[in-house]
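Pasting a structure here, questions to come.
The chains carry the letters A, B, C, D, E and F, assigned in the order they are written, with residues numbered from 1 in each.
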Amino acid sequence: MTDSKVTELNLPMVDPLPEDIQKYFDICDEKLGLVPNVLKAYAFDMEKLRPFMAMYNELMLGESGLSKLEREMIAVVVSSINSCWYCQVAHGAAVRELSGNPKLGEAMVMNWRAAELDPRQHAMLHFAERITKASSETTEEDRDALRAVGFTDRDIWDIAATVGFFSMSNRMASAVGMKPNDEYHGQNR
Amino acid sequence: MTDSKVTELNLPMVDPLPEDIQKYFDICDEKLGLVPNVLKAYAFDMEKLRPFMAMYNELMLGESGLSKLEREMIAVVVSSINSCWYCQVAHGAAVRELSGNPKLGEAMVMNWRAAELDPRQHAMLHFAERITKASSETTEEDRDALRAVGFTDRDIWDIAATVGFFSMSNRMASAVGMKPNDEYHGQNR
Amino acid sequence: MTDSKVTELNLPMVDPLPEDIQKYFDICDEKLGLVPNVLKAYAFDMEKLRPFMAMYNELMLGESGLSKLEREMIAVVVSSINSCWYCQVAHGAAVRELSGNPKLGEAMVMNWRAAELDPRQHAMLHFAERITKASSETTEEDRDALRAVGFTDRDIWDIAATVGFFSMSNRMASAVGMKPNDEYHGQNR
Amino acid sequence: MTDSKVTELNLPMVDPLPEDIQKYFDICDEKLGLVPNVLKAYAFDMEKLRPFMAMYNELMLGESGLSKLEREMIAVVVSSINSCWYCQVAHGAAVRELSGNPKLGEAMVMNWRAAELDPRQHAMLHFAERITKASSETTEEDRDALRAVGFTDRDIWDIAATVGFFSMSNRMASAVGMKPNDEYHGQNR
Amino acid sequence: MTDSKVTELNLPMVDPLPEDIQKYFDICDEKLGLVPNVLKAYAFDMEKLRPFMAMYNELMLGESGLSKLEREMIAVVVSSINSCWYCQVAHGAAVRELSGNPKLGEAMVMNWRAAELDPRQHAMLHFAERITKASSETTEEDRDALRAVGFTDRDIWDIAATVGFFSMSNRMASAVGMKPNDEYHGQNR
Amino acid sequence: MTDSKVTELNLPMVDPLPEDIQKYFDICDEKLGLVPNVLKAYAFDMEKLRPFMAMYNELMLGESGLSKLEREMIAVVVSSINSCWYCQVAHGAAVRELSGNPKLGEAMVMNWRAAELDPRQHAMLHFAERITKASSETTEEDRDALRAVGFTDRDIWDIAATVGFFSMSNRMASAVGMKPNDEYHGQNR
C-alpha cells in the first residue's frame, strides 16, 4: 500500500493515514484484493479524500432506482467517450464482475451500441452519451424520453449525477496521469 | 426559500431540513442575500447534498495555492465551454465580486483570451481549457508548462479538480434544467 | 475620439475625418455616449467604412419583419458560438437595452436555450445556430420550419443576412483584436 | 435577366431596376457573359443590393496589397471549408481565370495544401483557414506570422476582411439556396 | 511512364514491370491517355499492387446493383469529406465522364446536397456521408432507409464497400502525398 | 461454420465454398479455433473475398519493417478512434497475443497515450492517429518525424496502408453490423 507513484504528481499519501481511513483501505484490500489507486491519489489530503469517497459511495453504492450494474455501465460509457485510461480499466472490470458478462464490459468500452440492451438501458446510455457530449442542448424532450421507459425524476437525477461524476473523474485522472491497479486487467474475463 | 421549481425535475426539498442545513441556508441568505439554487436542488436528499457541499466548500473556499478568484475564473471558463447557463451566471457573478472587475467576469464568459492575464493565469486557463476539451491528450509537457510558471504539484491538482468539478456541475445543471437565482444577474456590474 | 488602439493593427483613423462621417460620429457620441470602436477601426479607409456602415444600418436598423431586438438576439447568438469578445459585449448590451431584460441579454451570450422564448423566436434562433455551424446542410425543410411559425421569405432573408453579417464581423473583430468600448459592460444591467 | 429562381425564396427582382443598376447589370452581361446570380438575388431590394455591391467591389477589386488572384484564392478556401456551392463555383472560376491555371482553382476547392504556393501565400491561406474555423483563438503570434512573410497591417486587414466577407456570403448563399450561373462550370478549364 | 515522383516517398516502380502489369498499364495509356498515378505509386511492390487492383476493379467496375456512375459519385463524396486531392481530381473526372454532366462532378466535390438527385441517390449519398463521418453510430434504421428506396442487402454492402475503399484510398493518398495525373483536370468539362 | 448471421445483411456464404477457400477456413479453425467472422461476411461473393484476403494477408502478415505486433497496434488505435466493435475485439486480442501483454491490448483500445512506448512506436501511433482523423493536413514534416525515428519510406507506406485498411474495415464492419467471434473476448487476458 506504500507504492509511490499512482499519478504523475508528487503528492504522497499522508503517513500515517487516519485510523478510519486506514481501516477502510484494509477492507478494500481484503475484499477487492487491492486499494483502488484513485483513493491513494486523493489520500495526500483528507479534506479532499473524504468528500470524494462520500460522493462516490452514495452515488455508486447507495440507494437508487438504477442498479449498481447500470451505474457502472454509465461510468464506462462516459469514460470511453473521454478516453480515460484509469476509469475504463477500473469500471470496465466492475461491469464484467457485476454482470458476469465480459462481453458487456467490452462493449461499454468499445461501442455501447454494440451491446444487446433493453429499451430502458438503451435510453439510459443514449442520454448519458448526449449529456457527456453536449449537455447544454438538453431539453425536456430528452428527459421525457427517459420517463417514457420508466425512469422516475429521481432516477434521471441519478443518471445525470453519474455522468457528471465521471466527467469529473475522467478529467482528474487524465490531468494528473493516474494509473489503474494492474489487477483490474485480468479480472472476470 | 420554499420556491418550488429550481430544476425541471419534481424533487422537492426535504421538509423540514435538518437543523444544521437549515442554519447553513440561513447564513447564505443573510450573507449572500440568497440560497444558491444548486443547494436547493440537491436538498431533496441529504445523502447527496452533504458530499456535494463538502466537496464544493473544500475546493472553492479551502486552502489552496490558487486564489479564490483564480478558482472562480476556472469555473467560468469551463462553464463557458460547456455553455452552462446556471454556472456561468452564478460564477460569473463571483468573478466580478472577487475581482471588483466586471470586465474580467465578462471575459471569462465570452472569451478568456480577451482578458488581460499574467503568464501564470494564462497558463492556468490554457490548461483548464485543454482538460475540459481533450483531457485524454494530457501529457507531462502540459503539466511542466504549469510548473514553469510557478505552480506546485498541489496547485496542479487543484486546477484539475476545479476543472473536474465544473465538468460535473455543468452537466448536472444542464441535464436537470437548473435555474440560477435571479439576483446574480445584476450583481457587481 | 482619437484614442489610438482599438485593434492590434496599426491603422489609424484618417485625420481629419470627412465632414459627414465626423458628424455621424458626433451623433453617436451624443446619443450613445460613445463611438463604437468598430467604426473607429474601419475609419482608416473611408472606402471600407462607408459600405460597412451602410450594410450595418440597413440590416440592423432598417425595415424588417424582424424587430430590432430580434436582430440583436441573432447577433449575440452567432457571436457567442464564435466566442467573439467585441460583438458579445456590444450587442449583448443592445439586447439588454432593447428588451429591458438583462437576463435575456445574458442568455443570448451564455446559452440561448435557457431563455424563455415563444415558438417563433425559438425557431429563429435554432435556424441561426444551424446556419452559423453548418450552413451547407440547409434544406427546404429548414426554411419551411421558419415559414410554419409565420416568417415570410423576406424575413428568412433577413435572418440569414443577420447571421451572415455577424459571421463576418466576428471574424474581423477576432482577427484584428478589436476591443469593445468599456462603457458597454455596465449598461442596462 | 428575368429568370425567376436564383434562390429558394420567392423574392423577385424589382422591376424595372433603377437605371444605374440596370446599366451595371448590362455591363456584367457584356463583359462576363452573365449577371452573377448573387446580384439578382439581392436585387429584390436596392437598400440591400447597394451596400453589398459596394463592399464587394471595394474588397475584391479595390486597392490592396493582395493581388486580385490572392483575394479570390482566399474566397475559395473559405467557401470550401463551408462547402458553399455558389461561392466555390463562381470564385473557383475566378481563380482559374485570373491565374490561367485551372489546377490552382481545383486545389483551392479541394485542398489548398495540395497547391504549389510560395511561403507568403501559404501563410495567407493558413491564416484564412484558421480564422474561418476558430477565429476566437487568434493571437498576436498569428498576425506576426503574416508580418514575417511581408504582409503589412493593412494587408492583414484585407485578408481578414476577405475571410469575413465569404463567411457571410457562404451562409447567405446556403441559407437561401442560391444557385450559381451555369456558365461558370466550363470557364477556363 | 517512368516519371519519377508520383508521391513524396522514394519508392520507385519495379523495373521492368511484370509482363501482365506492363500490358495492363499499356492498355490504360491507350484507352485513358494515362496510367493513373495511384497504380504507379503501388507499383514498387507487386504484392501490394495486385490486391489493390483486384479490389478496385471488382468494386468499381464489377457487377453491382449500383451503376458505375453511382459508385463514382460515392467515391467523390467520401473524398470531398476527407479533402483528398488525388481522389477528388481523378474520380471527379470519372463522374463528369460517366454522367456527361460536368455540373454533377462539381457538386460531388463541392456539396452533394446541391445536386439534383432522385430519392434513391439522395439516400445513397446520405448514407455514404454518415458512414464516412460516424460509422460507429450506424443502426438498422439507417440500413432500412436504404431498403426503403429499393436497395438490396447486396447493394448496401456495395455502398459500404465503396465508402470503405475510399476511406482507405484517401488516407493513403494524403499520407504519402500522391499527385493526380495532370490530364484529369481538363477532362469532360 | 454455417452459423447464419455474422452481419445484419442477408448475404449467406456461397455453399459449397470453393475448395481452396474451404481449406483456408479449415486451417483458420484449426490454428485459431475459429474462422474470423469478417471472412464469413465477405464469403457471399468470392470476387470480394479473394482481394480482401490477399490485401489483408500481405498487409498484416507479409514482409515489412513493422513487426506484426506494431501493425496490430495501429489496427486497434484506428479502430478505437472509429469505435469499431468488430475490429477492436478481434485485433485487441491479436495485440494481447502477439505482445503477451494484456495491458498493452487494453491501452490500444482505451487510450494509446497510456501505453509505455518507445519513441519509435510513439511516433508511429501519433502519425496513425493523425492520418485517421485529418489525413488531408499531412505534410512533409509529418513524414520526416517518422524518418527521424528510423522508419524508411517503405515503412511509412506500410503505416499509412495499415491506417487506410482499418479505416476501410471499420466502416464496413459498422455499416453492415458485423459481429466478432465470441472467442476473442477471453483470449490472452
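In this text, contacts are C-beta pairs under 8 Å (C-beta built on N, C-alpha and C of every residue); 3 or more make two chains touch, one makes a residue touch a chain.
Because the structure is a prediction, the values reported are computed rather than measured.
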Point to revise | Count of contact steps on the shortest path from chain B to chain E | key: 2
Study note, to complete from the structure: Overlap of the chain B and chain C neighbour lists contains A, D
Practice item. Determine how many degrees of rotation, between 0 and 180 and to the nearest 5, align the Cα atoms of chain A with the equivalent atoms in chain D. Key: 180
Check your understanding: Which listed pair, A-F, A-E or D-F, shares over half of the residue-numbered contact pairs seen at B-C?
Key -> A-F
Point to revise | Which of A-B and D-F has more C-beta contact pairs | key: A-B
Point to revise | Chain centre separation (chain B, chain D; CA means) in Å | key: 44
Practice item. Please set out, as single numbers or ranges, the residues of chain C touching at least two other chains. Key: 83-85, 111, 113, 136
Practice item. Mind listing each pair of touching chains for me? Key: A-B, A-C, A-E, A-F, B-C, B-D, B-F, C-D, C-E, D-E, D-F, E-F
Check your understanding: Residues of chain D touching chain B in their complex?
Key -> 136-137, 139
Exercise for review: Would you pull the chain D residues touching chain F in the complex into a rising list?
Suggested key: 111, 113
Study note, to complete from the structure: Counting only contacts in the complex, chain C reaches chain B at residues 80, 83-85, 88-89, 102-103, 106-107, 109-111, 113-114, 182, 185-186, 189
Study note, to complete from the structure: The residues of chain C that touch chain D in their complex are 8-11, 44, 47-48, 50-52, 54-55, 58, 62-63, 82-85, 127, 131-132, 135-136, 138, 140, 143, 153-154, 156-157, 159-161, 163-165, 167-172, 174-177
